[in-house]
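These notes open a run of structures that come right after.
Next, two complexes with chain A in common: one pairs it with chain B, the other with chain C.
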Partner chain A sequence: MAIIEARNLTYTYPYAESPAFKDVTLRIERGEFILLTGPSGCGKTTLCRCFNGLIPHFYGGKLEGEITVAGLRTIEHPIHEIAQHVGLVFQNPENQLFALTIEKDVAFGLENLGLPRDEMRRRVDWALKVTGIYDLKNRAPFEVFGGQQQRVAIASVLAMQPEVIVLDEPTSFLDPLSARNILGVINRLNKELGITIILVEHRLDLASRYANRVIVMNEGQIILDGEPRKVFLENEAALIGVGIPKVVRLYMLLKRAGLNIGRVPLSPEELSKSIMEALIFDRG
Partner chain B sequence: MIEVEDVYFTYPNGVEALKGVSLKITSGEFVAIMGQNGAGKTTLVKHFNGLLKPTKGKVLVDDVDTRHVSVATLARKVGFVFQNPDHQLFSETVEDEISFALKNFGFDEKTIRDRVDWALNILDLTRYRKTSPFMLSGGERKRVALASVLAWDPKILILDEPSIGQDRNQKERLRQFILQMNHQGKTVVIVTHDIEFVAECEPRVILMANGKIVADGDAKSVLTDPDLIAKSWLLLPEITNVLLNLNDLGFPTNVMDVFEAGDLIIERTGWARK
Partner chain C sequence: MSMFDGLKFRNISSPIHRIDPRAKFIYVLTFFIIAVFFNQLIPLLILFFSQIPLIIIAKVKKEWLRLIKGSSFFATIIFIMNVISLYFYSGYSSLASIIEQASAMTVRFIVLVESFSIFFLTTSPDMLGLSLEQIGIPYEFCFAFTTAIRFVPILAEEAQTIIDAQRARGLELEGENFMKRIRNYVPILIPLIVNAIRRSLELAEAMESRAWGATEKRTTLYMLKMERRDYCLILISALMLVASLYAWLFIKIPTMTQILNIQG
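Coming up: the complex of A and B.
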């Protein structure tokens, strides 16, 4: 069942001369892990803003076509209603956090829902545990490191128990180890809780192993859409500007040199294993 | 030349960010200071333009002790581009932003105009001349911040996390731009945890952890050393990881370039086309 469905969607910001994206038709099924990528200014962030109603309710402008999220036509429902179905996590956690303690930050969205106290406490504790920051709940969000701040931002969204979480470059301010760990947390939300994930990322090297589908945008249009290995294999040239992972580039290089080494790798471990197998096979 | 002599720095809240750092960066060098968030990288480079003064020890910039000069005086020589451009930008148009410092430094109008045109052009911002910086994307705002510093032609350029928010093409442009600046004789210091970006630039790498320098050497020897990388809480380059897993087969592990790795594997297997 589709959780997000867009038909011939075109959007133009107020006073903009041309649309940020045009004629986008897209169907996202419940439980998918989508990696959305493309060069800066390609329209991916703008598209994400449609998923939770920020467009058109907050940004204004002109939205043409149809978009339905979790069964709601976003144009007919206010942001706070859509927010119960779709959570949004931004690039820089500093822009999202503001409360005196991590626990209060995570509880903030729920307070606005008017939930009973017990239910609120239960959900906050749960979200803090899932994201691995329960022990930090009494600390101030500004005292902890970037990776932990981003976990707070994710927990705040998670506490709303949304069906979809959209994350707009959530790792770009993080050091590599924190980035890898955050992507692990996001993967668990998808695999263990069944939450639909839409992850906007430039770092395909770290993220593509988790996704069942990669969508590439350029100049306001979707240019590629499919299973990551298939997209990387068939569209190397179109992906040069997007930053195809280095393990995929090495794989292509070896393949072109005549090496037969199995399927497209999505991690260094996968590529090493294929090379190893090819070598042993060659000796035998 | 930047000389850091046994520098300690403690923030007012008691956090000891630098614990005995010594290093020398000579004119015209290209250096990447790496380490995880909180390792002390940004604290260290804020000493290079006098924004922070050592709690103990001293920093000399071209033989001048930073404790005895103002940030404004040092700024003429040391340009600092912050990680978050929003901490730096404030003007109504991109053009005003870039000309602001030039006016303060007292350049004449023609020079200002030429420098602004040059900076807009080199960072691919000409079409945004009359745009408000706050209408631009994060990556574009970072370029405006860089342009506004570059315009006054400082001898030493310090870039804090320049590759954040930049897509693949912009990163490649940034890399070429940095190499070009360095080639023209500028000292370039970048603070970053973008391993793949550094692997492609191949600067001298200074690795920091817990307020200390844990390694200092060429990019290849530092970034492909698993023990050093683990100790500083970073990740190895992807390609290094691939070859490290093939260590049992006798492949060298100090490789981080796709083509070099490809050559090694093809050579070993004899599959290369003759």
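Coming up: the complex of A and C.
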């Protein structure tokens, strides 16, 4: 059953001359891990804003076509209703945390929903444990590192127990190690809790191993959509400047040189395994 | 900035930090009222020194000293203004009594600053917001209040970045001409304001995404509850107020000059 379904969706920001994206048709199933990528300004962020109703309710502008999220038509339902189904994590952790303790920040959404205190306490502790920041709960969000701040942002969305979590370039303010750890946390949400993930990301080297579907956008349109192992091999992806993972590029170079190692690798581990196998096969 | 550092909250644990903000506020207010009652030097000095143990218990000595140092500039101005006005416009005869009266006014100012600094140094803005909420102020205002406090350090940092960037492009901020210096701050203020607006939009977006305004009956994770020690503090404040009212009405407080004269 589709959790997000968009048909012929076109959106124009107020006072903009041309639409941010045009005629987007998209169907996202429950439990998918989707990697959404494409050059800056291609409409990724705008699309994310449609998923939880920020467009059109917060931004105004002109939205044409149909979009339903968790069975709700976003045009007819207010943001706070959709927010209980779709959580949105933003790029800059600094601007999405409000409170002066981490624990209170995670509770912010639940307070807005008017949950009873014991239920709130239970969910906050759970979200803090899942994201691995339980020990920091009494610190101020701006006292901890960027990576931990982004965990707080994820925990605060997670506490609302949404079915979908949309993350808009959550690692762009982070160093490589923190980025890898955050992506690990996101992967656990998907694999262990079954939450549908839509991850907007440029660091494909780190992220593509977790995804089961890659969507590439360019100039307001979806140009590629499919399994990562297929999408990254397309010429078009490389041409518009998607950062094809290095392991895939090595795979292609090997193939061109005459060595076919079988499956397209998505991580260095997979690549080294395939190469070992191919070498043993060659000798044998 | 050093003066405002004396009002910045640092999250440490002490008996004073744990007191309910409402009780603490009543205590501070009482001090405020008493300080306004008296205009003699001796009771004001007593008020000043009686607060020092609290500061030591609350472990905020360093911040407090910085605040006193920061306020010394204003204290000096108050002292000088008082000396001048007392000399020209009042019937004080001797220089000693003029100086005593001026010092009393200065100490009063310091006592007021002192008691408010104890309050702000030991009360987390979150708790302050919560107590505002619990005395019935609409949540929107409380939220605006805590958010403003939370973003002060971030905006200060941003301002410094902009200053550095504009200086690197040759912007002159130190100069003799006052008007010109003011005008040179415009290239700093404009990016700062634009950034603040952009930031507030992002913040609003994040709030909307976390179900802001979903229900009229908002709940809170923390709940302030007045405990015995809080009632004790209110009681102490009330007693202090009564005692000082009594002293103000019925006890003739000697001035420092009188005491020194008797001894001399």
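Following the convention adopted for this analysis, the second predicted complex is superposed on the first by the 277 of 284 C-alpha atoms of A that agree within 3 Å, B and C clash if a C-alpha of one lies under 4 Å from a C-alpha of the other, contacts with A are read in each partner's own complex, and residues count from 1 in each chain.
Assume a residue touches a chain if its C-beta (ideal position, glycine included) is under 8 Å from a C-beta of that chain, and two chains touch if they have at least 3 such contacts.
Every value quoted in this text rests on a predicted model; they were computed, and no experiment measured them.
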{"item": "First (chain B), second (chain C), both or neither touched by A:233", "value": "neither"}
{"item": "Which of chain B and chain C A:72 touches, first, second, both or neither", "value": "neither"}
{"item": "Partner chain in contact with A:242 - chain B first, chain C second, else both or neither", "value": "first"}
{"item": "Which of chain B and chain C A:223 touches, first, second, both or neither", "value": "neither"}
{"item": "Which superposed partner A:121 touches (first chain B, second chain C, both, neither)", "value": "second"}
{"item": "On chain A, positions contacted by chain B and by chain C", "value": "92"}
{"item": "Residues of chain A defined as touching chain B within the complex", "value": "38-41, 45, 91-92, 145-147, 169, 172-178, 180, 202, 205, 240-243, 245-247, 249-250, 253-254, 257-259, 268-269, 271-273, 275-276, 278-279, 282"}
{"item": "Of all residues in chain B, those that touch chain A in their complex", "value": "35-38, 84, 137-140, 161, 164-171, 193, 195-196, 233-235, 237-239, 241-243, 245-246, 249, 258-259, 261-262, 265-266, 268-269, 271-273"}
{"item": "Parts of chain C lying in touch with chain A, wherever the complex brings them together", "value": "11, 124-126, 143, 146-147, 149-150, 153-154, 199, 202-215, 217-223"}
{"item": "Chain C-touching residues of chain A, taken from the complex the two chains share", "value": "52, 54, 57-58, 79-81, 83-84, 87-88, 90, 92, 94-96, 98-101, 103-104, 107-117, 120-121, 124, 138-140, 142, 156-157, 160"}
